[in-house]
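Two complexes, one shared chain (subunit A), two partners (subunit B, subunit C).
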Partner chain A sequence: MTTADSVDESNHGHQNEFHIHDHSHDHEEHPDGPFIAHHFETAEQQFDSGKLGMWLFLVQEILFFSGLFVAYIIYRNHNPEIFEAAHVHLDKWLGGLNTIILLFSSLTMAWAVRCSQLEQYLGCIINIVITMVCANIFLGVKAIEYTHKWELGLFWADAYTYGLPQPENQNYLLWLSLPFIVITLLSAGLATFYRVTENDFWAKFFLCIAISFLGYFIGLGIAWAVPAQEHGGHSSDHAVHGSDHGHADGEKHEADDHSGDSSGEKSHEGESHDKSDENHSAKTAVPSESVDTQAGPSVDESTVDEASGEVNMGGFFSIYYIMTGLHAIHILAGIVALTWLLYRTLDRQFRKNYFGPVENVGLYWHLVDLIWIYLFPMMYLIH
Partner chain B sequence: MTNHDANHDSTAEDHAYFSHPMPVWMLLAIFFSLVFLTVMTVVMSELTDALQLQQWELWISMGIATLKAMLVIFFFMHVLYDKGFNRLMFFASFLFAGLFIALTLLDTYQYRQDVSSFPKSELPARQVGDK
Partner chain C sequence: MSTIAKQKEKLFGHAPEENFLTESKGWASWLFTLDHKRIGIMYLIGVMSAFTLAGILALILRMELFIPGEMFLSNQNYNRMFTLHGAIMVFVFIIPSIPAALGNFILPIMLGAKDVAFPRLNLASFYLWMGGTFFFILSMLFNALDTGWTFYTPYSIQTSSAVIAATTGVFILGFSSIFTGLNFIVTVNTMRPPGMTWFKMPLLLWALYSTAIIQVLATPVLAITGLLLMAERILGLGIFDPALGGDPVLFQHFFWFYSHPAVYIMILPAMGVISELISVHSQKKIFGYEFIAYSSIAIALLGFLVWGHHMFTSGQSEMVILIFSALTFSVAIPSAVKVFNWVATLYKGSITLTTPMCYALSFIFLFGIGGLTGLPLGTLSTDVHLHDTYFVVAHFHYVMVGGTLIAFLGGLFHWWPKMFGRMYNEKGGQLGALIVFIGFNLTFFPQFIMGSRGMPRRYAKYDPEFQIFHQISTIGAITLGIGLAIAGYVLLMSLYRGKRAPGNPWAASTLEFQCSSPPTFHNFEHDIILNDPYDFESIEYDERVGGYVPVLEPAEEPKSVPQPEPVETT
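Take a look at the complex of A and B:
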């Protein structure tokens, strides 16, 4: 089954294989088809059992993510000023774009399920590939978002160095992109190799993989094309905050404003800031006892000044990286699962009474989407 | 299912239709509703200050997110047509997640007074917090 030759024989080959497998138990293949295990009475019973298992898995996914949501809620309740200071570093346009990309991938995933139920192989393959492309675009955009923060020193609490001189020549993006570059080139090479050797199945398979992973670079391009992330986020913030402050342009000012807003330690601030800050700190009305509790080892007193802003946002970014990072890992796992589906669909293994794997991977994919639906307003739309 | 043995060839066909394919128009309608709600939530966050909605902002964005989640759950995840037990399990998990969050939040402001009254100006701020 794993060799190219047997795959090319398609159904017939498989039926023999499973026939042999079943011999040890039932002496014949399950009447509902080669992929129905002998201990199930019908294909539907197998489908329902598999789906029940998938739902149980999703239930525990929700429960373990809820732990992170609790961490977020508690931390935000205790330190709202950190969230207000940090949200200017998240580009809500990129976040919104990623939301729509993920929603679109959910659409194509649901469509792929439909196609597999109706035995529309080509449609199923196209939809699975589009879903994988979207997953990779999402990761590409995310890579730009992450690396941009890292370049500014916006790390998790332990490594937080925002406002300090950053080391030169940190090729964060290159390192993040390396696996994608390797996989794209490798699968493109394999696709060419199998095309030349006229092994149609694997040529198609690796072509689809290569196309999928090209999505990552599309994502990088899109994130680059969105004009100057940090400033993009800022300009929108200016429009909103303009009514309060009526000034401030450029990164530093914005950072200062926000730190001033929330830290409440106005004695350190310039006079011009004081006035505008009154409003805002009255609104948030939160003293800053615990603001600097997250200070990493490299942040000392001297950095608590205009340049760094006074709010140490490391705590926020710890939560941000854990939640979005864990979500990104789920996306990666989804890509692996989709690759498996791609293989089986290309191999024509799904049929009217056997589409459980597509359905279940679909459920998983929608749950990943579901988590992002909540993460997006929680992380990007803070005010 | 004894009829399997009676007629091998047609049994696969008999059981072929336990699936419930979603109509394409419905999938597209759900997708565009989701996009619309995404745009709405971004627009709402942009207009928060103009509309004086600061205190409602979180609830509005969470409400829209929940609406989106419901669309995904009921239609994309097919829960509307799923078995009752699966539905029960799934929604029970939300119930427990909600219970988890609610119970943890019960004493959120319990110690705020102690923290606020702590003489912060005399010590470096970083030594004062709860971590």
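Take a look at the complex of A and C:
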């Protein structure tokens, strides 16, 4: 780096030959601001690079999920009856609720980007926090959905025990919620601590985190409240859960039951029958859906179930858990990224010519949203 | 004039007092560096270590095959050895070799940039590489992997060997590769200097760009495949496991959807290196620049459409086989376009048989054989006979070793003076290249013959009728090992005994030969002088510098950016 100076000496008479770079001021601030890296000429070049990089990352993400979508298509094609039978266990109202929550969080995310462009500090903070609250609500609802299925034994293929007696006292929900409880309490405690010690920055930061993670418990509450009204598969699952005892028998006779299935389906025969029972209660719970759910399965089951005997719905739930699970991991990653944004926004690092990180996290968040928009109808709204 | 000469000596001559190697000292300055050149050097050391390890495994395998029966490896250990040889060579060595090691060093300098677009991501991808390699070593130490590098289900679900550690390694290495590719695409897109349009880029950049496209588009599919395989083993998802209603051939589709394009991740950068070497060392403007550039992109895109040719015998419909077969042949077209262009470049060029040129000529010969033997494998009727025989082994070694490794070595010799500022012993380098060429052909040519006579791959024991071929092959492998050792020795000795390299020892016209050898931390201490990358008239020999310098005119405008018209004054 120091050579430039000596070269400059000899070069002096012939300035029109070369421009010798002088890097001696290099460790000082970039003329465009403190957050412009030394190897970029302008803030604009840095922004463009970051944005292109993010888009490529999103392409990569889509291809990452593409394998799962292909697996879904193939298994649905091979075993349509499993999908028909299994999707009634998913609560389309909770799924729909989560869709709306994610869509709303995309709005607040986009709003946060706009605020950071306009240097509206407070608006940016509020929107980031709302986005994080929504992310946590989503996870709360998801936790209820997951644990409810686990209690019924609706696991992936190898662990699938639906219809068999389930072990007592599994605290699935508690275990899932534990990290959220810890983070909420910890950040609330830290917020109080910093409030007392008058460290304004960290007090604000942890207050925002605590508020965000409260969203998880809101999600739990909503998901518990929804089945109280009579809706779709979720409430019917409760009914099934209650009569679990009867199912152990029902499972054994399943093959027999299926032989009469094509006729039994429409005439509501066989109360102990596992699948028609499911469809039946789903239909009675949501009368408006009854026509649709009836048409599909009755055709397929008559042809396929006899051959495959006990249809192990685990195949569907394998795909369901791996797809929604990976999506949930992406939501968690989004929460981490939003926390990073929250810190930087509170630190007032973003400005008119430097808001790339907010924009890029926003792009990522929209992609996570988009993937859910595909997952929801593929999993929950099968006809 | 004398001032200009002095200037030239300063700018294009020997290394300045401070370069990127000496700029800061200590372990931490290397481990936490964001400098693309240092990251490139760390990658170079890493991939060469992996290569040495996997190469030793290959030699052990060849020794075992010297006699038809068991010599010192049990069948189980033989399976482990060839699995680790293949997996380490493919995932840890070849894929990162040219893009991550050479590319990291060269690409930003070729663009006249100070660094890649995301230096921190660059360092992160190096550490991901380290992490992935760590898991591979782990899988080697504890119940070594024995599935073959392809991890085919259902065996990879049933075996007790360390599949999870290995797939974790593959997953992590995949993200290392994705981030490198992402970085390169953004760097080429946004950091080209003013005046360097797409068609004024050196061809290596086109090749690395095409490679990066594949890395970003294909590798995530491998990542999800690895993840699903892990989940299959841990949880029992039933997606690939037929016992749970899964489809094992789906795994093959997923795997080859990545791994076939990955073949082009391996060969495309090699083609880019060869385009540079052929042109520079025959001092002739590259023939058909645009065809070579477009053929790189064409190979990258067509590479996504041919994965099914790995599964001709796995139970696909005849129609599918027909389509994949036809698409496979279509990849031969852009590959052949490149070869013809290189040969046309050599025609009437002033060829000097420097070490890089020796490797480049070997490449054309060996890649020609490797590419052409791919055609019978892409034809259904012949593939049914040749599938899973040594013919396949010989074919992909001709492409991967005869292609990529040879190009990597050629590139390493070509850019070695730039990296470390030392010239190697030319005679020693040439000797190494010759022995590598002979040893390589001795190793793999007999495998074509025994493969076509029905010797299956991956067998620890074989019928005595194949013994002579195996013995020639083993002798060839030892020769190849000696040649590589000589090449390595020549390079390492140059660090101690080599004379100091000028900025441009090869009369090359690309930008990386305009900065000093080794470059300084910021690469360029002056405004770059942008010429056509293959215009050798714009370069002249300067005795005071001891190397080549750009032709400069005293009256030249300041900030001389595009200077297409060379002026012959001295």
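We adopt the following convention: the second predicted complex is superposed on the first by the 274 of 383 C-alpha atoms of A that agree within 3 Å, B and C clash if a C-alpha of one lies under 4 Å from a C-alpha of the other, contacts with A are read in each partner's own complex, and residues count from 1 in each chain.
As a working rule, a contact is a pair of C-beta atoms (placed from the backbone, for glycine too) under 8 Å apart; a residue touches a chain by one contact, two chains touch by 3 or more.
Since the structure is predicted, the reported quantities are computational estimates derived from the model, not experimental observations.
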item	value
Contacts of A:226 with subunit B and subunit C, given as first, second, both or neither	neither
Contacts of A:107 with subunit B and subunit C, given as first, second, both or neither	first
Partner chain(s) touched by A:68 [first = subunit B, second = subunit C, both, neither]	second
Touching partner for A:48 - first (subunit B), second (subunit C), both, neither	both
Touching partner for A:218 - first (subunit B), second (subunit C), both, neither	neither
Partner chain(s) touched by A:126 [first = subunit B, second = subunit C, both, neither]	neither
Which of subunit B and subunit C A:353 touches, first, second, both or neither	first
Which superposed partner A:173 touches (first subunit B, second subunit C, both, neither)	neither
Which superposed partner A:186 touches (first subunit B, second subunit C, both, neither)	neither
Overlap of the subunit B and subunit C footprints on subunit A, listed as residue numbers	48, 52, 56, 59, 63, 66-67, 70, 74, 78, 315
In the complex with subunit A, residue positions of subunit C that touch it	3-4, 6-7, 10-11, 16-18, 23, 113-119, 121, 178, 182-183, 185-187, 189-191, 216-221, 223-225, 227-228, 231, 235-239, 241, 244-247, 250, 254, 520-522, 524-527, 552, 554, 556-559
Subunit C partner contacts - residues on subunit A that touch it in the complex	1-4, 6-7, 10-11, 13-21, 23, 26, 37-39, 45, 48-49, 52-53, 56-57, 59-61, 63-68, 70-71, 74-75, 78-79, 156-159, 312, 314-315, 318-319, 322, 326
Residues of subunit B defined as touching subunit A within the complex	1, 4-5, 8, 11-12, 15-22, 24, 27-28, 30-31, 34-35, 38-39, 41-42, 45-46, 48-50, 54, 57, 61-62, 64-65, 68-69, 72-73, 75-78, 82-83, 85-86, 89-90, 92-94, 96-97, 100-101, 104-105, 108-109, 115-116, 118, 120, 124-131
Touching residues (chain side subunit A, partner subunit B) in the complex	31-33, 41-44, 47-48, 51-52, 55-56, 58-59, 62-63, 66-67, 69-70, 73-74, 77-78, 92-93, 96, 99-100, 103-104, 106-107, 109-111, 113-114, 117-118, 236, 239-241, 243-244, 265, 283, 287-295, 301, 315, 351-353, 355, 359, 362-363, 366-367, 369-370, 373-374, 376-377, 381, 383
